[in-house]
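The following pair of complexes shares a single chain, chain A, combined with chain B in the former and chain C in the latter.
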Partner chain A sequence: MKSDRKIRVIVAKPGLDSHDRGAKIVARAFRDAGMEVIYTGLRQTPEQIVETALQEDVDVIGLSILSGAHMTLFPKIMELMKQKRLEDILVFAGGIIPDQDVPALRKIGIKRVFGPGTPTDELVKFVRKNTRRRK
Partner chain B sequence: MSQIKRLVGNVVKSDRRSIAKTITLVENNQPEAQEIISKLYPHTGKAHIIGVTGPTGSGKSTLIGKLVKELRKRKRTVGVVAVDPTSPFTGGAFLGDRIRMQELSTDEGVFIRSMATRNNPGGLAKATRDAIMVLDASGKDVIIVETVGAGQSEVEIIKVAQTVVVVLAPGLGDDIQAIKAGMMEIGDIFVVNKADRENVDKAVSEIWAMLNMNPDKEKWTPPVIKATAIKDEGTTDLIDKIDEHRKYLKTEVVGMKYKERIETELIEAIKLKAAQSVISDLKERGEFDEFIGKIMEKKIDPYSAADALLTKRLKKYKAS
Partner chain C sequence: MIDTEELKDIEKRREKWETTTLPRWLNRHPERRKEFHTTSGIPIKRLYLPEDMKNLDYVRELGFPGEFPFTRGVHATMYRGRLWTMRQFSGFGTAEQTNKRFKYLLKEGETGLSIAFDYPTIMGRDSDDPMSQGEVGICGVAISSLQDMEVLFNGIPLDKVTTSMTINGPAAMLLAMYVAIGDKQSVPRRMLGGTTQNDMLKEFFAQKLCIFPPKPSVKLATDIIEYCTEHLPKWNPVSISGYHIREAGSNAVQELAFTLADGIAYVESTLERGLKVDDFAPRLSFFFAAHNNFFEEVAKFRAARKLWAQIMKERFKAKNARSLWMRMHIQTSGCTLMARQPVNNVVRVALQSLAAVLGGTQSLHTNSFDEALALPSEEAVRIALRTQQIIAHESGVAETVDPLAGSYCIEALTAQMEEQAMEYINRIDDMGGVISAIEKGFFQKEIADSAYKYQQETDRKERVLVGVNEYTVKEDWVPLEILRIEPHVEEEQLVGLQELKEERNNKKVREVLDRLHEATARGENLMPPIIKAVKAYATLGEICNVLREIFGEYQELIVI
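Coming up: the complex of A and B.
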């Protein structure tokens, strides 16, 4: 029997800002690259994002944030993922995130932080390269 | 214990991670899929499977969100399978049904899974039935299946759901649309959503008029419910009607319907297996490519080619 795997991605907006233009463009780029994109909509709590990742059995989580609350919300998300044993999911972030915060975010397991103006094919390449076949 | 046995055991215990992993396995048609389904099958049959269909933008996802909330108030556990279309050009999909249900995602009694059609026609994905089975085996009381935004021929849902809810909205078309075949024939319950808009009564009466043309009075007459999902109006009515329909399904008149569904399931399975085994055999022998060549050169048409190939392969096969 032929197996037909697809890369499944969640594009999520944690926190309270309501600027989802970037998130939607990213979601669209993944769709056009042949991936299955689950879009959660605005104002998601860490619990909602992690639980969605679990139920949808995704390979990747993309977090978009512009509110400045990333140093509070991202560690919470990564902690919950550890609790639920979802560490094998690739996590990256985008939005407005100051350079000085990036090392700390990478340390808690966020693989890459993309700034404004990142070409979408760079994102697609990054995801393709870093999603190994998961069990 | 084998990995599959453990996975199946955990699904039956309603372990969320295992449910999610198992759905992925069946969706991707991985080698373990069939064994898993056969082990889960004895645990299925308890859930009430509700299909929700209707045109794009009629409010299916929003209505399901409210429906699940109300079902949870009534202490029932719920599984949701929400299907959205795969792009025929890129193979990708944007699955956005969850947006209207996100507040439910952290409720332990609810499991929501988005699914892309992967170009399966009819408004559902090929693995939708299997995903329903997994959720059923996990002990959910109710399973709601949302089809893609459907037009007139996306009626696959009747093959998997026990109760079909058709969601419409005012202003989507005149009474001529209501007489057309397809969507209007498959509903056990009709919902006219967005009832705070103009012309809602006209829409309701058109559907009513259509349904009352049905001469078979013995049968269930589909109710038409007005709802405004976004304001949470009409949902309790809808659940009451869904429950009524479930009671009706238990009467003997409709025992047949269940048998019909099992029949379809078997037919689908035979088709799939037969095609798979015949085609892979023909490919191994090189006959497949030989005929492809002949068809391309217009020496034979695909139907005659299929007859010729099958006559060789299946002893009892008679070309019709």
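Coming up: the complex of A and C.
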């Protein structure tokens, strides 16, 4: 893998909710920061998200959810990633996710959960710092 | 508004002020920013003066409340007669839990109901659909069949309340269930009062909760308008919504313009059915957001009423005065609620509500301060309702009609909002109307651009968000008692649904669904067969699946 390869990110929307304002802003911010961004669109199943990650050979997955179904859907996504041996992909999340749920989500491998009001440059820095280039 | 001699004198004095007092002051005290703008980018002047209103023709542009062009309000006495309806959007968990919350709110002085459905219901799926897993009862109440609706309205007489339903794709099915409940309670259909949001157009570019493609969606929306015109004369069949456009990221002018453009599209589509404008236009209702920029918001509501009255009168030749009324519901803006130092949200909501009331709304929902974290707790929703009651009964603002009229600033902004919204509406007309603009991704792009701009301004601290990008504290995640939906909700819901499917007359269900299939294929008005289907306890998902077979499913047009 060439070292000048751009960081490849999926911004994914699992769940039935349609609040895509944040996801689209984050997608644009990553693009403006020089990354390659794939935005999945709404209502992606865990299977679809992991399949896209595999097909697109991404380094990072950002999950955005505001429906409250994160404790059902995130574990499924992480389990599928494990099955497909994609554990080296950096996964982070954002949306409306109560503080109380964060420790459990970190335990299953979600590196960070960003709350509302996070500046986009903080996300960009986080991704640059934590992405391991995949081989 | 003011005679020319006096105006000239004031202008002269203004020029003098600009060369003496002002520069002297500015030399020592520079202004905080070089320029000030509203969220829509309208420049805010340092000082508004009589000359800013010199082109204002009072009678033609402001007039009297209850008279064309309704800038000052749709009713002659506004809140001196009846206060606005205090209507809190609520729903969570099972129908039984939400029924309790409804009764609590009515006891605390709420004057109208408003149902929040969960995502499966909104997407026309039953609680036992695989896509519904983890979502049942989480963001609203789960309604999979008439059985759930019966529990939801247990002990609530439909001739005593009006009910607003935030439902779009499956609006016809939920309205049919409401009609069925009314029939059971022996309330005549002509007495049923309330609103179905039923605004599919904004779904395609703002709220994005779509089931069917645009054309059949508008067909179904128009079926409801047509059916209500004949059978439910007190029902608002559609609530043409700017709220979601704004929440998706638009600015105030875009919210205003795109909502009016949608309104035009519904009128056109109903006229094509052969209905007369004055037969249905009086029951078209609107829904806007009240955001933070106070003067811009007040101006937006006033401009909206005026523009709609002009559109109905001039473009559609409406004769009945009620056809010209823009009656509106307003909700304070969800996206302005902050997760950090959340109690500050009480103040944001109070300011936004004040703008809504000074803007002349007919109905208001105040957000609860904990909604950036979860659905509202009982305490939070009571404070939200109390906020409206304090404005209504303590502040005195409800005692005179349209009190900000004549403010140089408000009138100048109202005129600017109107002008800029009309420019957008003309552009949309040139594109061939709303559906064609949706297919081109026009609205989606406009909204995404505005949302990104808003975020960049916030990131650069050009826009200060108190407690978020300024005035932060270390321990700002207040441990609030937030409402959590227990997993047993989904389990209970699945058991109830299973029992229903075993106990109902399944032969009858097949018959009504076959009949619905036939009516859909023939292009009939679908309200009557849908009412029959819900009464036979066909589920929401089963009914929507019949329509999915014929209409197809909408595939999102992704625009970043």
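Operating definition for what follows: the second predicted complex is superposed on the first by the 131 of 135 C-alpha atoms of A that agree within 3 Å, B and C clash if a C-alpha of one lies under 4 Å from a C-alpha of the other, contacts with A are read in each partner's own complex, and residues count from 1 in each chain.
Following the convention adopted for this analysis, contacts are C-beta pairs under 8 Å (C-beta built on N, C-alpha and C of every residue); 3 or more make two chains touch, one makes a residue touch a chain.
Values in this document were obtained by computation on a predicted structure and should not be read as measured data.
After the match on chain A, would you call chain B and chain C a fit or a clash?
On the superposed model, which is not a single observed complex, chain B and chain C fit side by side.
Taking the superposition on A as described, I'd like to know which of chain B and chain C A:Leu73 touches: first, second, both or neither.
Second partner only.
Looking at the overlay, does A:Pro116 come into contact with chain B only (first), chain C only (second), both, or neither?
Only chain C is touched by A:Pro116; chain B is not.
Please indicate which partner A:Met35 is in contact with in the superposed arrangement: first for chain B, second for chain C, both, or neither.
A:Met35 contacts chain B only, not chain C.
Contact-wise, after the overlay, does A:Arg5 reach chain B, chain C, both or neither (first, second, both, neither)?
Only chain B is touched by A:Arg5; chain C is not.
Pick one for A:Ser18: touches chain B only (first), chain C only (second), both, or neither.
second
Between the C-alpha centres of chain B and chain C, what angle is found at the C-alpha centre of chain A, to the nearest 10 degrees?
With chain A as the vertex, chain B and chain C sit 100 degrees apart.
So, does A:Ile96 touch the first partner chain B, the second partner chain C, both, or neither?
It touches chain C, and chain B stays clear.
Check the residue A:Ala27 against both partner chains and state whether it touches chain B (first), chain C (second), both, or neither.
After superposition on chain A, A:Ala27 lies in contact with both partners, chain B and chain C.
Look at the superposition and give the distance in whole angstrom between the closest pair of CA atoms, one from chain B and one from chain C.
6
Which parts of chain A are in contact with chain B and also with chain C?
Shared contact residues on chain A: 27-28, 31, 37, 39, 41, 45.
How about chain B: which of its residues touch chain A in the complex?
Touch residues, chain B against chain A: 16-17, 19-21, 23-24, 28-31, 33-34, 86-87, 90-96, 98-99, 102-103, 105-106, 111-114, 116, 118, 276.
Write out the stretch or stretches of chain C touching chain A in their complex.
119-120, 122-123, 131-135, 138-139, 207-209, 247-249, 335, 338-340, 372-374, 448, 451-452, 455-456, 458-459, 465, 468-469, 477, 479, 482, 484-485, 556, 558, 560
Using the touch definition from the top, list the residues of chain A that touch chain C in their complex.
15-18, 20-21, 24-25, 27-29, 31, 37, 39, 41-43, 45, 67-69, 71-73, 96, 98-99, 115-117, 119-121
Write out the stretch or stretches of chain A touching chain B in their complex.
Interface residues on chain A, with respect to chain B: 1-6, 27-28, 30-41, 44-45, 47-48, 51-52, 54-57, 84-85.
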